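Okay, so subunit A shows up in both of these, paired with subunit B first and subunit C after.
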Partner chain A sequence: MFSIQSLFSQIDNAFLKHLSDNNLKIEYLSYLQNAASSNDTLDFYYSKYHFQFGDDSSFLVHAARAKSLLKRDTSLLIHYSKHFLNKEIHQSNEWFNSILDTSLRVNDQLKQLHLVYNLTQYPLETVELPLQLQKDYQLYYRATKKKPIVAGLFSAIIPGTGLLYLNKPRAFASNLAIVGGFGYQTYESSRIFGWQHPLTIINAAFFSGFYLVNVIGSYLEVKKNLRERQKQYLIHASTYYADTYPSSLY
Partner chain B sequence: MLQRITLILILHLCINQVFGQQQYAVNLLGFEDRIFRANNDAVDLIKLEKINYMINADSIKGQIVSELKRVNYSSLPDSLQVNALWNASLIAYLNKEIDLSFLYWSKYNTLTNDTSTQSILLGYLTSENLNKTVNRSLYAKLISCDSQFVQFDNELHKSIELKGNTFKKVSSLLLPGSGLLINGNIGKGLLSMGLNTGTFFFVRFLISNNAWVNSVLWGSNLIGKFYLGGYRLTTKEIDNKQGRKQKMRAETSAHLLTSILDKYPLSLRLVY
Partner chain C sequence: MRSIVLLFVLFQTSVLFSQKNDLSTQLIETFLHTSSEPQTNQKRSLMFSKSQGKERVGVVKTGFAGLMYLYQNIFSEQISAACMYEISCSEYTKRQIEDKGLILGSIKGFHQLMHCTHGAIEEVPPFMKSNYSAKIKNSVD
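Moving on, here comes the complex of A and B:
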């Protein structure tokens, strides 16, 4: 019906916008596959294609190759940066620290987005951030100061105190009650039935298990808490900049 | 060498499919290029052409439905609009987008007031959960055409709620495991009974030895596990039985619908 060769000799941005607006994935890809243009331009549009229809990994490959063209479109750079504020850490790192280098950070908005993301990699105690993000950032910053090994040690000495170190008094109370309960249960059965009795051995096994879980759990909880605070900060940053810095793909 | 020959052979065998797919995408792009460059009057006609092409090319129904949603049917000439709406309703129904299918069918029916069995059947199927009044009036028309519809409608509206579900749940609370036994899960029921009896004697043994902390902690743990667990299992097994009955009903309905559709086939209509 149509000959491939006679199709599109030059990329038509308005037509691609039309395909994008109508979510026409097959047509968009076919257009790019049959377009005769420079590699830079094709990579630029392939990055848009993968951004909308494909996956972030393929997007990053094409975006890295199309840097010279991306540089001219700050609105698009802002659009991509907002997207990568809250994505898989290795992909966000590649975007902010490999592709969006100093040559691409051409305006204050891009510099701000780069700073907001990089604070999760190199936290600073005092930094100028919008009021809406300060609280989440401070919570995240405080979480970076907590050491997993310290929490583990605290919980090893008095069960649950590692969670108190993380400002989680309820979790501390329940942890202490559980380990304490199993401890007393073991003591009671040893007193009544003796240490050789199967019930005492089972109780002691449960007590040891819960004690170990309490130590390891406190250690892991510090790491989990850090990840959660980081995620929360980036989610809020992403929502905040979505409204503050309007941008679009076309 | 053997690997190369194998690869060449595979490529040779699949060449039509590979390039066929490419040609399909290029053709879709061609239609879209025409839509983009056409004036307002022609846009919807080209969209219909594109849909026709996709139907003939046996495209994924979801993709066709996306295209159907783009068409402004009211801008089409009446002669085209009728068949386009019929196709839209049928494809949306096959893609399980019943709301959309009913919407298109309603527009089609307003335009044509089609009294053919096929049209009434499509309306009846799409209005099943959306508009009871329309559904019942269409059903009345259908049974006057063919008594086979009575059997289908009865199957569709037959109650599949199992009797005695509440009794089984209460029974499993009063005598652990009995709910499962009544439901027909003999093995699980006996196991649940055994575990709960064991828990009772174990806690009694602890109390008789004045191991109060042990009796409270073990008791609460084991009761939570076996007594409440048994109740939850009863609920789950009742749901499973209900699900099996529902599946059987669905299979019977599908079988009846197939024989109805053999008699009154719902087929796409040529737009051009």
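Moving on, here comes the complex of A and C:
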């Protein structure tokens, strides 16, 4: 009865809102599968369905197809944009840089959310951010300026200095102590027993292993630090705009 | 040859010691109805989990897994190791080796080990701090 009724009617937004409010996933999907409507409209509601029930990849596919309808609903666009501030990086990139293009950024709030996501494209001085986000953004912006190869080189010259370059003095101290300790032990055992003694060989193996880890680790740490700072900034931005720009799915 | 036999005996002894089937544990489980649910920080597995299904197992990788097993079940408890990370450095190293191979996995694991100091929690962003304890969440790559 339910399917037959939906076959001969337009999509009932109020009814879908009711299904959505009551979390009736199967009924929602069944209604859409049997609905007679244009592809744009179906994609629009499928995107809502996937958004609500947590399938971001499918959401992005349907949202990209329903752009003409999404353009008319700025509140919904704000709702989606807030959600994608703090998501998997490739999904956020697709939303902000592919789907939410200039034709969809029709009001100041959408422009602001797009700017907040793509902030590193602009010089630090030209960006106006809320006070609450400035500290995290500055840390993120500084992280974008650090070069992994420089950190690796620093650590190759003096162990741990790559981490000092990242402003991590405690990590620098522990790295220097470990590599320095093994270096000193190797030197002492070579001085006392000679280079062919098993103890010297074991010490030298430990020293070279930790030295290598220190260099490659510093290189990787710069990349990791950038991801962490970006994530922290976007988490903060997401919670800030959740309160500042109220919105809903229906 | 003698050293190989000695190593084998040591290894078997450690396996026997690590099996906590003593009476007190059984009594506690019976009376308090505590079930032995799988925990996130499992330490007791001998092999890297992915290696179990494979037909060929690398000698170096297996040797490394054995060393990790010995460390986690004997030495770690002896030195009262208290790692600063939610997934301990040794477990993290095992998982990284499983995912990324022996070389890169070891580098990443030992890199975490070199950061594992009590001050390390001050140098990570707030979202990397655990909500439940004074520990650091392991980075997700």
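Keep this in mind: the second predicted complex is superposed on the first by the 234 of 250 C-alpha atoms of A that agree within 3 Å, B and C clash if a C-alpha of one lies under 4 Å from a C-alpha of the other, contacts with A are read in each partner's own complex, and residues count from 1 in each chain.
Following the convention adopted for this analysis, a contact is a pair of C-beta atoms (placed from the backbone, for glycine too) under 8 Å apart; a residue touches a chain by one contact, two chains touch by 3 or more.
Everything numeric here is computed off the predicted structure, so don't read it as measured data.
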* Putting subunit B and subunit C on the same copy of subunit A, do they fit or clash? -> clash
* Asked: Is A:N22 contacted by the first partner subunit B, the second partner subunit C, both or neither?
  -> first
* To do: Check whether A:Y137 is in contact with subunit B, with subunit C, with both or with neither, and answer first, second, both or neither.
  => neither
* To do: Figure out whether A:Y45 sits in contact with subunit B (first) or subunit C (second), or with both, or with neither.
  => neither
* To do: Determine, under the contact definition given at the top, whether A:I235 touches first (subunit B), second (subunit C), both, or neither.
  => second
* To do: Mind working out whether A:S189 is in touch with subunit B, subunit C, both or neither, as first, second, both or neither?
  => first
* Asked: Given the touch rule stated above, what does A:N175 touch, subunit B (first), subunit C (second), both, or neither?
  -> second
* Asked: Is A:G217 touching the first partner subunit B, the second partner subunit C, both, or neither of them?
  -> second
* subunit A touches which residues of subunit B in the complex? -> 22-23, 25-30, 32-33, 36, 63, 66, 70, 209-214, 217-218
* Give every residue of subunit C touching subunit A within the complex, in rising order. => 106-108, 110-111, 114-117, 119-120, 122-128, 139, 141
* Structure fact -> subunit C partner, complex, touching residues on subunit A are 139, 168, 170-171, 173-175, 178, 209-210, 212-214, 216-217, 220-221, 224, 227-229, 231-232, 235
* Asked: In their shared complex, at which residues does subunit A touch subunit B?
  -> 1-2, 4, 7, 15, 18-19, 22-24, 26-27, 29-31, 33-34, 181-182, 184-185, 188-189, 192-193, 199, 203
